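The data blocks that follow each hold one structure.
Consider the two complexes below, in which chain A is the common component and chain B and chain C are the respective partners.
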Partner chain A sequence: MMRLIFSLFVAGLSRRRLASILSFIAIALGVALGVAVNLVNRSALDAFEHGVRVISGEADMQIIGPRQGFDEALYARVARLDSVEVASPVVDIEAPLADKPGSLRILGLDLLRAARIQPGLSPKLDSTQASESRFAADAVFLSSAAMRELRLEPGQTLRVKVGLAIRDLRVVGTLHGGEDGARFGLMDIAAAQLTLDQLGRLQRIDLRWAEGVAPSQARAQLAGLLPPGLTLVQPEAAAMQAAALSRAYRANLGMLAVVALATGAFLVFASQALSVVRRGAEFALLRALGVSRHMLLTGVLAEGAALGLLGGLAGLALGFLFAGVALRVLGGDLGAGYFSDAPTALSFDWPTSLVFVALGFIAAVAGSAWPARAAVRAAPAPALRSGYQPSVPKLPTRRRLGVGFLLLAFPLAAIPPLGGLPVAGYLAVVCVLVGAIALLPALARRLFAHLPAMQAIVFDLARQRVAGASGQAVIASGGVLASVALAVAMAIMVASFRDSVDAWLDRVLPADLYVRAGRIGQAGGLDAAAQMALERMPGVARVEYVRHEQIRLPGSVLPLSIVARRIPAEGAGALFPMQAEQRVAAGDTPIWISEAAQDLFGWRPGMAIELPFGGVYRSFKVAGVWRDYARQNGAVLIDLAVYRRFNADALATDAALWLAPGASAENVSAELRQRFGAALDIVSAGEIRRSSLALFDRTFAVTYALEACAVLIGLFGIAASFAAAVAARKKEFGMLRHLGLTRGQIGATLACEGALTAGLGVLGGLAAGGLIGVLLVRVINRQSFHWSMDFSIPWLSLLGFSLAMIASAALAARLAGAQAMREGALRAVREDS
Partner chain B sequence: MLELIALTKTIGDRNLFSALSLRLEAGGFVAIRGESGTGKSTLLNLIAGLESADGGDVRLNGNSLAGLDDDARTRWRRDHLGFVFQAFHVLPHLTILDNAVLPLRLQGVGSTQARAAAQSMLESVGLGVRGAGWPGELSGGELQRLAIARALVHRPTLVLADEPTGNLDPENAQRILALLAQQVRTQGAMCLMVTHSSQAAAVADRVLTLENGRLCEA
Partner chain C sequence: MHLSRRRLLAAAFALPWLQSARAAAYPPVVPRRLVFPRDHAAHPEYRTEWWYLTGWLSAPGVPDFGFQVTFFQVRPGIAEDNPSAFSPRHIVIAHAALAWPGEHRLLHDSRAARAGFGLVGAETDRLSIFLDHWRMEVRNDGLHVRVDSRDFALLLDGAPPPPVLLQGKDGWSQKAPGKEHASYYVSMPQWPLRGTVTVKGQRFEVSGRAWFDHEWSSELMHPEAAGWDWAGVNLNDGGALMLFRMRRQDGSALWFGGTWRKASGETLRFGPGDIVWETLREWTSPRTGWRYPVEVRIRVAGRELQLKPLMDDQELDSRRSTGAVYWEGAVTAFEAGQRIGRGYLELTGYGERLNI
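Take a look at the complex of A and B:
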């Protein structure tokens, strides 16, 4: 029976070549995008996890704290505990490179002790180096990836910035275990503390429990020793942190790929639905000859299954190819900046890749379900009569269903995220799409019934055709609606986001010049002398300092960022876009939390919270919520004086410089370079703005590619529908040619029909896309990244896009019809069929 | 034997048949004539189980059609009926031989046996050497020959022919009718043919006219 089904149905796909190929491509593209996005993300996470494993080795637990480190005296206390077999102190610094942009992670380990915890991370001294140089203050071992990327060899010098100084490190050898992409350097801990200005400080202690000790017992013993701000985590926490930060981004890209696949399902639906109508007489004959309804249903579904299976497998191969290219061109985070180490090879995540193949299969079968049902329900007798003309039935108007789905989106949008992902938000998007498509037949009837008659015969014929066969227009425009809705929603979200980031940058970059002497986790900063030198610099009228830091809260995988700067008398609202700012009572210490901190930690304005500063829990009152597009993991703004009081830390990481009237930024920059050398990064507000927006655009580059694919698939839908419809209308065209219409006029009629059909989809897509845009801006983006934004609609871009889409659809319809018109339309009226 | 017992059928507010009855003995060839719209094709559809009667029954060799569900009606057609249509209705993506073999494959006959039977049938309608070709290569008359081969390849009890010469020129029409009658008689099947044409009706053993919902001897 399977062979019969194959020969009667599946083999027929080759007869409808254009529609079949376009459906196949649509499914393959959708699957490929999903597979590629997943593979690239998996590769990046695997590379990151591998790096973490190499560096953490066989540690059972790690003690971590603020990025600036903690007192090394803790190490001696921890190492003496019965429950701890090995304790390995770690200096972990991100050192900015002096000669080139970027930085290098440098670990300082007790090289003898670390071999017991990180046996895979063995430094190999180069044969040219003396054996005692292993422990020299300037000796560094580099991983293969670092060696390769920095183009260094043993014996050469690595120059890094440490605060305002530049230190030369001598490359003395390589690291075994660091071959697979992790880019880092290793020093003896004493050398690292001395050279990287970390004397008396550690960033981490790696621990291995003594044999026979229950981990819970060991943890309990340790907990009493840890001062506030230090926490005990599993070595996988860093990988979990990277995964947690990038998860929403990855999930959103995955969703975009799924929407592209759904658009592919519409294409399969459109071509199958029209093909079923066209094959009405054929199916009726089969029914007359004894083909059961079940077999007919199976046959049409088998056609979809064949398309889905072939498209899915091709998509799998294409996905691997896309992933390889994307990894090379955009990096492991697809341009989003989540991972500093680029993976060197693709990780083949077969289970998830096969899930996408299965989704492609399901999409194609689902796209064939309604046509199969329609084929089974069609009465065979009329189709067997001579002169039978197949026509698409008017599709039922499901107004209530459509409105119901649209209304359902509202309560779904109000549901909080599940596991950090906006699952209900995604469902709300699905509801809007389904609702809009359910309302499409009603929109088609209303729209086409009110189209005015025109003098131009070409347009009028097209108008009457789409009005008379609105079912076909609805079927063809479903895919257009889905793809336009996606593109419009993304355009609104990106415009809203970009405009908001632009306005935010305006607000947070009020000064003329910015200097930076270290980022979070990087060594050093602007000390008191440097600060005084800055303030006395000719041409500088005013200087404001910022201290960036990260602290750890108990039970949280993600670190909390601290932004310490002087809060003006008028409040922190003068520095950042602020909501619900309130004055705190005298005696209370105010802090201002970012929206991410509000979402992640559940803090609210007026709430009293405790944060670990300087090894002690300090009480604060939340005085407002600010918009922060720079950090996704939550941040707290605190007055610089308060921070310094609590931390005994007078360093500043950044300084904002306002120039005196008449002073030029170039001159001041030149003087700063002369005074501080390459140790200081000096940038203008304009440069920061440009690089921030460039990063923003790079982040969204992949989403543009995904949207473009969805739009292309939507256009394929129009082409496939028209190819199918035109083949069934040869007699009509032959008759029109007899009546005196030229080939060109018939082509123009087809183009008008394509434009009207796409116009229907575009109108629906604009409306649905607008609603989805609101969901993306207000719900999905907020829940994914914890960033609010102002709503912006890029009217001009949307208008241009809509017109381009309609014009492309007209062209696609015209091209799809060209072949059918070439095949003797004049003869068609005389043919008996 | 085919028995139509008091068939009634109404379409909209139009009563096509009321208590229409007919007996057709094995080997019989009956032509039914009538004006357009009198319900000739509908009558064939009722016999084939493609449409349902409002009342009455169709019996073939004593087996009743009334009360059968869609699957059973499908099996009824598959096992007992053959069809010849005015518009030929062949599947363009199957070869000529594959079109002819289709009813046998639907019955589950083994491929080798089915293809041999279909090839033999094609030879008997004069298309023996064309089996590997495609329907698109055939003329109207040849297409109808193929349809006759397909209608008879599985040795049905009854062949239903709906204007089988309606799309053919007179010369071809006569050849096809002669072929149809010869094949039906060779197999000992019954044939019920609906036609407008008196010339076509002339090949039948018996000619009936459908008028005002009744069948009358012409």
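Take a look at the complex of A and C:
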């Protein structure tokens, strides 16, 4: 039975070579995308987690606080507790490199104690270095990954920026234990405090509980010691934070891969549906020879299964290949900037990879299900008659079903995210797609019936053909619809996002020049003297400062970003696009929250909230919600004077400079450079805008690749269905040749049919894509990244894309038909007569 | 050798970089009058200092056993200009071992940490050295020692300090040819102790007598020296005997020294030429393959003593953590077949050449 099925059905796939290969490629591509996206994400998370494990070692808990650190006196109090076996103080600084872009994470550990908590981190002094140099103020050990990436060797110098100064660090050895791509440096804690301007401060304390102490008891004992703003977290929290921040991004990429796979399923459906019709006579003969309905059903399904299995396995291999290339070219976060440590090796995640293979298999079998049932239902007798002209049955119009699905999308869109993921939003997208495809036959009938009659015979033939056999057109255009909808939706989303970011950058970058000395988590900044010097620079009319900081709220894995700026008299709305701005009562301190802060912490305008500053909880009133594309984890804007009052921190991270009339940016930059040295970053608003948009484009580069694949698969659908249909229409073409049409004219007819078919799909795809675009902008992006954006439609690109799609479809149809036409069409007519 | 011993241990325990003999200004070790209790406390300006407590303890139901608790404070002379509170101006190293006969080898553990934050350090006004939860201190009511490790814990309380025994010339003890090779060296033998010892979860009430040594110096080991042998014995009659020899690489003696305080209070001091040190039996370590003269005969002041170990395997092998290997164990002193006292014997430099 198996062999029979194989020889009667599966082996037949090789006879319909083009259609089979295209179906195979579609499934393989879909599976490959899913596998690759998943592997790259897995590898990046694994590398990150490995780094976290190496760095936090066997710590049971960690004390963390504001990014700028906390008073080291806490260390002595904590270490004295009976429940604490080892307390290891940590300085943790992201140091910008002086000679190249980027930064390096530098840990300052007590090298004598660290071995008891971080046994995996063994600093090995290079043989050329004197033994005491490991404690020298400029001595740094580099992980092998850092050594490799920075192209440094022991004995060489690493130059980093610390505030406005540049410090030379001497590479004294290698860190073993950091092999797997974790990129960081290690110094003795005393050296780190001195050289990285952290005297008296710690960023973290790693703890190991004494034996026999219940963790809950130890935590309770410790909690009493921690001032507001410091929290006790599991060492895994850092990995969880990275995973949480990137999860929505990863989920969105995964969904794109699944949509590509669904398009592939549609392609299998299209080619199988048409091939079943074409083999009507063959199947009838088999039935007459005693092949059961059941076996027929099994046979057609087996064809799909074979395609799915082969495509899935090829996709698996291809996915590994893609992932390897993507990792090398784009990095572990596929260019999105979530992970600083590039994974050096792929983590093979077999279970999830095999899920994608299974999805490919299921897609192919599901795509064959309707064609298989159609094959079984066909009455054998008419098909056995000579002169039988196979045709696709008119597809049922499931108008009510389609409308129902479309309507269902609305309530789904209103459902809040599940576990931080827009699950209902994805379901709404599926509803729109299913609804649109269900409505496609109705659209086809409406559209083709009303196409005007045309003078040119070629066009008119095509028009009549698609109107008469709308079933075939609908099947082929379904795949186009799905892929166009995806592409259109993504285009709308990206355009909306990009335009909004562009407008946002305009708003937040009003000054001419920006200077920066240190970023969050980096040492130093502009101190009072530097600020005064800035204000007195010739050519500088006005200076505004920003202090960036991150604080920890109890119970939250994610840090909250603080943006402290002078709030102008006209309100905070002058600084950021602001909604729900309101005045607070005279005694209240206003604070403005970002949309992400609103979503993540549940704060609302007018609400009173408490935040830990300088070891004390301070009360604020939420005075507005602002749009923040720079920080996904939530941010609050507070007045700089208020921040300084609460923090005893007079440093500024950034300064915005307005030039005096007639002053040139070049001259002022040059003077700044001369006055402050190379450690100061000086950029114009234009440069920030350009680099921000470049980062944006890089982030979306991968989604473009996924879209391109989906579009390609949609075009394959057209090609495959035409290849199948043309073979079935040999007689028709023979007749047309007989009637005097040239081969070229028949080819043109086919191209027109392809264009009309694709046009139907493109129209449906535009409509569905528009709806999905709204869902992406308003629901999925908002829920995933907490970013609102203004809806904008890239009309011109969509028009160009639609025309290109239709033209490509015409070409694909023409090419697919060419093979069939080469075989003597006249012979086909002769056979008939 | 004490001086050197402590240096050796310091170097061994951890910290190869402690060998760095760079430029810090250490006070010279010259004869001077020691004042107590001030000189029981730390002398942080010197290069190295150590407080060393050894002895035999008795507990009901188990054979008598030996213990050793040592605290070192080292001033490596590095990073002294770094204002950070974490600057490793002083490193404290603590080491504890238990010669528990049922174990057939030493239970031991060691710690090292930089001084600071009131967590690790040594007081300068009284004898008090601490490294996290480990400590050795003299309070008004006497001595208190606390050490806990995974395999064992010691909680010992001693009487107030017994009379000091100033080694060498009033506490100035020469270690090798040349006046610069010296240390300040103060002993307090016959210190009665009681307390509890926990071995692998089992707690014992213990009592016994200890030998206490305190030594500090700025000097390095003599360049010709390869290692040393040292013994400190609490004699049954109330007397106390300390003997050492400094050895060259070829095994010959570079220097001898020692003190015998008799029960009567009369004190004999020995130098090179006064002591004969002979090996009676060697034991080969199955771990390192090194041979230690664990049973010796010592002729001094017209008497002939034999030292026999509590057990042969009292080798401290901490190569995995710190790199040092030497033999330091509880011994019994015999004279003419009679047991006349108990103490500790230290044998260093029997394997690879010490790099101090």
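Throughout what follows, the second predicted complex is superposed on the first by the 831 of 833 C-alpha atoms of A that agree within 3 Å, B and C clash if a C-alpha of one lies under 4 Å from a C-alpha of the other, contacts with A are read in each partner's own complex, and residues count from 1 in each chain.
Rule of thumb we're sticking to: a contact is a pair of C-beta atoms (placed from the backbone, for glycine too) under 8 Å apart; a residue touches a chain by one contact, two chains touch by 3 or more.
Note that the coordinates shown come from a computational prediction; the quantities given were computed from them, not determined experimentally.
In this superposed model built on chain A, chain B and chain C occupy separate space and fit side by side. In the superposition on chain A, contact is made by A:290 with chain B only, not with chain C. Within the superposed three-chain model, A:281 lies in touch with chain B and out of touch with chain C [touch as defined at top]. When both complexes are overlaid on chain A, the residue A:485 reaches neither chain B nor chain C.
In the superposition on chain A, no contact is made by A:625 with either chain B or chain C. By the document's definition of touching, of the two partners only chain B reaches A:15; chain C does not. The three-chain arrangement built by superposing both structures on chain A places chain B and chain C 120° apart around the Cα centre of chain A, to the nearest 10. In the overlay built on the shared chain, the residue A:7 is in contact with chain B alone; chain C does not reach it.
In the superposed model, A:553 makes contact with neither chain B nor chain C. When the two structures are aligned on their common chain, the gap between the nearest CA atoms of chain B and chain C comes to 72 Å. Taken together, the two complexes place no residue of chain A in contact with both chain B and chain C. Of all residues in chain C, those touching chain A in their complex are 14-17, 19-20, 22, 76, 78-79, 82-88, 91, 112-114, 117-119, 132, 150. Across the complex, chain B meets chain A through its residues 41-42, 45, 48, 50-51, 70-71, 74-75, 77-79, 81, 83, 85-89, 91-94, 98, 102-103, 105-107, 140, 150, 162-163, 166-167.
Chain A meets chain C in the complex at residues 72, 75-76, 79-80, 86, 89, 110, 112-113, 130-137, 188-191, 193-194, 199-200, 211. Taken together, the chain A residues at the contact with chain B in this complex read 4, 7-8, 11-12, 14-15, 281-282, 284-285, 287-294, 379-381, 384-388, 832-833.
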